[in-house]
Amino acid sequence: MDGFVVQFVNGLKTTVLLALVSGALGMALGLLAAAGRLSRWRAVSAAVGFYTTIIRGVPELIIILLIYFGGTVAISAFFGRYVEVNAFLAGVVSLTVVFGAYTAEIFRGAVLSIPAGQIEAARSLGLHPWQTWLLVILPQMLRIALPALANQWISLVKETSLISIVGLTDIMRVAAIGAGSLRAPLTFYLAASALYLALTSLALVIFNLLERRFAVPGR
Amino acid sequence: MDIMLLLTSTVTLTGGIPLTLLLTFASLLAGFVLAVPLAFMRASPRKWLSLPVLAYTYVFRGTPLLVQLFIIYYGLGQVGAIRSSVLWVLLRDPFWCCLLAFSLNGAAYTTEIFRGGIQAVATGMIEAAQAVGMSPLQIKRRIIFPIAFRSVLPSYANEVISLVKATSLASTVTLLEITGLSRKLVSETFAPYEIFIAAGVLYLGLTFLLTGFFNVLEARLNAAPQARTHPRRVILRQVPHEQ
Amino acid sequence: MRAAKALSYPAFGVGEPAAEPGIRAERIEKRLGGNDVLRGVELIVRPGEILSILGSSGSGKSTLLRCLNLLTIPDRGDIWVHGEKLAIRAASQHGGPAGILDHRQVRRVRASMGMVFQNFNLWPHKTALENVTEGPVLVKGIRRGAAAELGRHYLAKVGLSDKADAYPRHLSGGQQQRVAIARALAMEPQVLLFDEPTSALDPELVGEVLRVMAALAGEGRTMVIVTHELAFAREVSTRAAFMHGGLIEEESPPQEFFSSPVSGRLRGFLASHR
């Protein structure tokens, strides 16, 4: 088991890095998608609606498998020989696509719950549309979206475990290797679940602090 | 992209639908049966009733379903007492392991959803039932739960749809439901696009059907109860983890 | 001087009362949210009596009414219903809450007392008829068919025959409160308790509820009514009580109560509600 402590630490780093990178990219994608969904251009709005509906109606595992194996086929065709896609990269891409779809809907809901009067007030002050977005809509929206975002981040941390299926050496994969080589699956998977529980609890604590920090008085 | 292959694999993959649906509905049923009493315990003001349930839901909602499934499928065999017990007949079978994992996981989320609904039932509804002399069990069964269930129906619908998607993990323990079948097919044909897209289309169809079903159910139940100004649409959403 | 001090009930004297009909509450105390809401109230409701309880908000009148069927459990004091003493555990000195000792007894007693709430409290997932029949079916074990007949009878009595299949949210406040009255009546209770039954209603809907209540009063039912409707109380009650500061300050037949009140506070109260 001793040798596995180091491996678990490395796996933990991979899991955290994967969650942070795909979470950050996914939120950026979600913001863009929400703006697109709310845009006046019907085609953009419909395209984004199509994207979020499809992604949320299909299992994450299918999306991961599609991107990993599909990517491998595409790159192999490009180079003319068999090239396996990096599992971390495939993980980042697929989790970003998934996270973006869910956060887009969260952001959209949050923007829609901002009273229209405030946007009108900003316009009447002569603010540019982009100033209105940046100074009035964005800060409030993030605050309103915070509880739902917390849930989504916690889901994301748990979903990173699925990337182990395509070979990423994260917490889950380390546990699987240890379980196989030492013939102690219960021990290793319990250790893995303790690590995941610690991570999701940490996320919960951080978001509770954020919510307290950015609480709207009287809401 | 080979359209013909896409079509033929869609047809082939429909062979996985019965198992996907069986896993979904069996764990849905088991999860519901577990969640109803647990939700009442969790909503109880008595700490010794609510805290153990909180511990259960916290752990099951705070760890990946994949780990839970592997603990049950691979891990429990490590315990000699389980290996030698009658239960081993079931627990060495991937189907029953999936069912157990999905039910326990689903029940954890469902418990918290129902708990929210139970705690939101207005005290006046309960007092009116007490005032006619109903017993605590009658009040829970006939008044609190029906009102709570209606109010959390959108969240419950989302949980059901999450469960459909979660059954794809059964493929990791060799079951040939939609995802398992598609992975097998891909390993034989090396055509991941067509086959995984076909699988995605099938899941999308299932989640759409369920969403439609819950929208109809909600409209039906809403024609009756609860003063709501506009019907809430069921949206596909991951189940919240709030405490 | 407190008028309540002068009140006694010579009909019963001291000690365990003999099996008597009606309700008797002695030395009821209740503390809620750091306030002494009830401070040793004495109350008797005799069969056939229509008792109105008046008082400004915070005087404890609703709490007293809720103590009678133990929706609120008094911290101290005894309650007899139809001669049967309710088994209550008093609150402890160190803040342990009061409790019900015999739940079966309490359910039986509650079933014998109909209660009508300020906010109607109809069950939103059941039709008007189902709201009325639920109690008879579940508590009294009456078969569904017979209960439906019973339910329709009482809905007709409150003038809502045509609303049997309507859900509460499709009914006006006045109609909801009349369904709630039918729900209480369907248990065929010996006493009806009304907790500010018209306070949550729009003014134009108050009349229809009061008319139903007046009709019930005319049938010689035993009723305890907590209300702000002075004219109604004067017209319908056989006795009126005025509560202040957790005690009954004055009680008398309505003629005296409204025409020649003794307590200055009651006089002030009546003047301000004219």
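Some notes on this structure:
Which chain is which? They are A, B and C, in the order written, and residues in each are numbered from 1.
Please note the rule applied: contacts are C-beta pairs under 8 Å (C-beta built on N, C-alpha and C of every residue); 3 or more make two chains touch, one makes a residue touch a chain.
Chain identities (UniProt): A = Histidine/lysine/arginine/ornithine ABC transporter permease HisQ; B = Nopaline transport system permease protein NocM.
For clarity, every value in this text was computed on a predicted model and none was experimentally measured.
Setting chain B aside and leaving every other chain in place, the chains that still touch one another form these groups: A | C.
The most distant chain from chain C is A, comparing centres defined as mean Cα coordinates.
Each chain gets a centre from its C-alpha atoms; the one nearest the centre of all protein C-alpha atoms is B.
In terms of their C-alpha centroids, the spacing between chain A and chain B amounts to 22 Å.
Inter-chain centre distance (chain B to chain C, centres taken as mean C-alpha positions): 46 Å. Centre-to-centre spacing of chain A and chain C amounts to 57 Å, using the average Cα coordinate of each chain.
Within the complex formed with chain A, the residues of chain B that make contact are 59, 62-68, 70-71, 74-79, 161, 164-169, 171-172, 179, 182-183, 186, 190-193, 196-197, 199-200, 203-204, 207-208, 235-243. The part of chain B that touches chain C in the complex is made up of residues 122, 124-125, 127-135, 138, 142-143, 146-147, 150, 221, 224-227. Chain C meets chain B in the complex at residues 69, 71, 103, 107-111, 113-115, 117, 119, 121-125, 127, 134-135, 138-139, 167-169, 180, 183-184, 187.
Every residue of chain A that touches chain B in the complex is listed here, in rising order: 53-54, 56-63, 65-66, 69-70, 72-73, 102, 105, 147-148, 150-152, 154-155, 158-162, 164-165, 172, 175-176, 179, 183-187, 189-190, 192-193, 196-197, 200-201, 204.
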